[in-house]
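For reference, the structures are reproduced in the following blocks.
Two complexes, one shared chain (chain A), two partners (chain B, chain C).
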Partner chain A sequence: MPVKWLMHFQPNQGTTLTSQVMTEACAVAESFPGVSRDGRWRSSMTFYRAVPRDQSLPQPSDLPRDLIGISLHDLPNEFLFVMRSQRLILRAQSSVQTVIDKLQSYKGRFFINFEGVQYKWGDFKLRIGKCLYNPNESLRGIVMEVEYLPLSSMDKSQRVMEEFYEIWREAVASKLLAGQFINTEVNFSEYGLGDSYTPQHTAVLYGMCVVQVIASSNKNQ
Partner chain B sequence: MECVVQGIIETQHVEALEILLVGLCGAPKQRVRVHELCLKSGPNLVSSEVRLLCDLAQPTPSWTIRHVGGAMRGAGADQLSVLVRPIAESKASSTALRFFYAIGYKLDHEVLKTGFAFQFQNRGANLTVSVTSTNRMPRLHATDDAVPITPGIHMVEITAPAASENYTEVASAIASFCEYLSPLLHLSKPSNSTGIVPTAAAAAASLMSSGGGIKTL
Partner chain C sequence: MEPPQLAGSGDAPPKQVAQAMDRLGRAARLIAEIRLGADRILEALLASNENPRLSEKAAELTLGEEDAMRRHFLDLRTVGKQLEESGVLSGALRSRGNSWGLHMPLVCPDGAVVAYAWKRQLAGQAGASAVDRARLALKAFSDQKRRFFPQLEDDQLNRSNNDTIKFPPTKRPRLSHKPTQSPNVDSTEQKPMLADILKIIETEAPGVTISTYQRLEWSKRAESLASTMNDHSLDQPKEQIFANSSSNFNEVAVIELVASGVFRVLVSLHPAGSTDPDAVAFFSPNEGGSYLHSRGMSVHHVFKHVTEYADKALQYFHSSDPNKALSHLLSWICSHQSLFTKICSKCNKLLAMDKSLAVLLPPVHRPYLLNSKGQDQDFATAYHIGCSSYDV
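Let's turn to the complex of A and B:
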């Protein structure tokens, strides 16, 4: 599976994120020579909460508060769970959501959708998208997923991805946006993941990225 | 949703049953070696139960998460000779057990089911007939040291996936197939076990001496 990096737009302190950033980021991508627009993309994330046996009491402290489920745009028949506190990932078929519903021990508390435009640029696929809080569709962040098609080894693709990252940051800087794109750094070995890229790597990236997106969104509100 | 019937047969007659099934099913025999873990939610969580099945018959163990719902009730369901129940299943990565422990589930019990199965079609329904011995483990997860819970007895189960639009037809397909097995064993709803049948020994002897010779369905 091709390697991916995931970046999010970090607004400057005291500024508010607007969808103008998305417009400008797309304009940057469209300015790359030979780039072509390649449709739209959408991934979604569910934040779960435990349902205690005695619902008059607060959630017990020994139950996880960071269980998230992810449906990825390129794997419509699968669903992945990430629990950062346990460095744990579960990859399953999308029917696992039915199992969780039937168990009734965990329910979706809120949802975030990642959706936007996809571009093809040589050996790269670029996906620029908004993070929208569901149900009120409020904008929480802007992300960019960069996929390098020829390589599935993260070590071997490190240099070319770093070069792309620099190209991207310089191009975006010229737009004088009030912030910058930050790459999501993860120690994948803590999750038991190796050098060969998998959907589990993507799930962990999104799990880490969304924490940073929400934190900067809350700080700047 | 699935339709299911169960029955028991003495282990000494399993070989005869296999001969019968080879002739009836026209499908290759599949080895069954499934480690089944039944997990229940801890005292803090809404009460629920989930099963994890680890298929050890494959070169690489594969995991399935399974939720079994309550039996369908009502006049229509009561008249059927098979049990109909909702099922939710998902294949999952090997982190499944660790995942459920992390979200507050505890191991209630575990068994190892060993034996064989046939998958084939009858009257448009996809049937799975499994003949297994249920084994307990003397130590946690010690599948290599498992011993039969009821030595001398094997369980036979027939299941078929179904939907709300066709469960009566699927139930009928199972019921008609059960007729072929009736000399050897009686299959019924899991709650209505009738034990071993008196004709089993004679039927088994007949099968062993003739080596089968029954036309495939």
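Let's turn to the complex of A and C:
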């Protein structure tokens, strides 16, 4: 599948993120010649925690305490799990959520939704979205996903994506926003992922990105 | 003059083609009338200059001609708009709209009209000379004739075309596809030639995997790629499902070149088993489906543009060095391994916005000129469309 980069907006120290950033970012995207709006997108993440079991029974020591479950906008029939401590990714059918709810071994603590607008620009697809914390729908971050359709190799597309990132940053700089877009850097080999881009790569990107978004949101509050 | 008919996109393709040809003829007559009018005005001016008594008559004539020319210009503008809408001037329809097997006629930038484009590259070339186009048109025609009417002898063509390019008498009519060369063409000689060419290319470009297929084998492979790409659970697409027909070179019709993660290029040979490249197309390694063939078009902008440029390169290699057209073409294709990493030799950037197309592209133009010794120059430079200062 085509390669993706995921960026998030890092507000300057002491400033608060507002939805104005999303408006300005969309305005930048729409100012590129030849860009066309391509509908809306939505992905969601569920943060699971293991439900404490009867302590008298022996517990397997390698069970993860926390699980991140991800439903991606471009794979509606699948559900991915990220176990950050074990560096594992699991792909399952979306019905696995029902199984987890029934098993009661893990419970969803909180949820994060990503939703926004997507654009088509030649061989690129851009998705700009808000990162909203459920249940109170508070804004925690602004993300932008960039997809380059012709290539699936991370290595071969590195240079293209870097230049696009620079083009985007220069365009956004003109808006004088109180912050900048930062690319989410991940060492995919730690998760056993190769050069050919897959949904597992996307899951890891979102997992890493949301941790950084929440951290910077907590720092600025 | 009869009023121009409205172009109907709902008209059947033969009618559209006929209308386009009719309008081209009308445009040519209008241009001739305008030229004549200009000549007459000039004559009148010269005559009145030499003989002042004629100046009044010359003035009358000039005014009359000016009126007539103005009318001709208006008519020409109307016809031009109709031709533009039908895609004749821009060639917008030449790569699609294959309705009923017909192509719209195309006006090349130097003014020549290509009425019937049997091959896409014939209609697409802009820089070749009239002689090259005539030679290629004749070759295309004779290929079609040989394919569909093998029972007709080649001598018949010699007798009926006394003033055109002559075919030398051939010993094996079916294999004599290079009319300007001595006919030492033999099916047993071609087998090592194609194999040798491919071996050399594999040595020169170790990062490119080359496979050969018979025509039907390739169709099946293209379909299998579609189902492979749809299955996201596979990290590596299945390769080499179909055995190469490399042991049977006299039936090879498709050469596939794959640079991992960069491109998949298809070159067709016609006739099968020859070293005569017929068409070329670039695709993403992600693509699969029945549209994956040497006359197909990628869904991605970058590969569409490289394919259009490759058509021109193919024509250039055919016209400048027909014996080695395949070798040059394959070398040129292999140089595109750095398509997504090599910066433009003019602006030193990788991505540039093409303003007319409104897309962001890497350098998709790689000059293909051979030097005076007929050798390729490593095809080392690359340019964005806007940075390419000339059409090479």
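Brief remarks follow.
One rule holds for everything that comes next: the second predicted complex is superposed on the first by the 208 of 221 C-alpha atoms of A that agree within 3 Å, B and C clash if a C-alpha of one lies under 4 Å from a C-alpha of the other, contacts with A are read in each partner's own complex, and residues count from 1 in each chain.
Methods note: a residue touches a chain if its C-beta (ideal position, glycine included) is under 8 Å from a C-beta of that chain, and two chains touch if they have at least 3 such contacts.
Note that the structure is a prediction, hence the values are computed from the model and not measured.
Annotation for the three-chain superposition on chain A: chain B and chain C fit side by side.
After overlaying the two complexes on the shared chain, residue contacts for A:211 are found with neither chain B nor chain C. Judged by the touch definition given at the top, the superposed model places A:121 against chain C, while chain B stays out of reach.
In the overlay built on the shared chain, the residue A:195 is in contact with chain C alone; chain B does not reach it. In the superposed model, A:91 makes contact with both chain B and chain C. Once the two complexes are laid over each other on the shared chain, residue contacts for A:186 go to neither chain B nor chain C.
By the touch criterion stated above, A:53 is placed in contact with chain B alone, chain C being left untouched. In the superposed three-chain arrangement, the CA centre of chain A forms the vertex of an angle with the CA centres of chain B and chain C, and that angle is 90 degrees when rounded to a multiple of 10. Of the two partner chains placed by superposition, A:26 touches none, neither chain B nor chain C. Of the two partner chains placed by the overlay, only chain C lies in contact with A:149; chain B stays clear of it. After superposing the two complexes on their shared chain, the closest approach between C-alpha atoms of chain B and chain C is 8 Å. Within chain A, the residues touching chain B in one complex and chain C in the other are 91. Listing the residues of chain C that touch chain A in their complex gives 232-233, 235-236, 260-262, 284-286, 298, 300-303, 340-341, 349-351, 353, 355, 357-362. Chain A makes touch with chain B in their complex at residues 50-53, 60, 62-64, 67, 79, 81, 83, 86, 88-96, 98-99, 101-106, 192, 200.
The part of chain A that touches chain C in the complex is made up of residues 1-2, 32-34, 75, 91, 121-124, 149-153, 155-157, 159-160, 163-164, 167, 194-196, 198-199. Across the complex, chain A is touched by residues 41, 43-48, 50, 65-67, 69, 86, 88-93, 95-96, 98-99, 102-104 of chain B.
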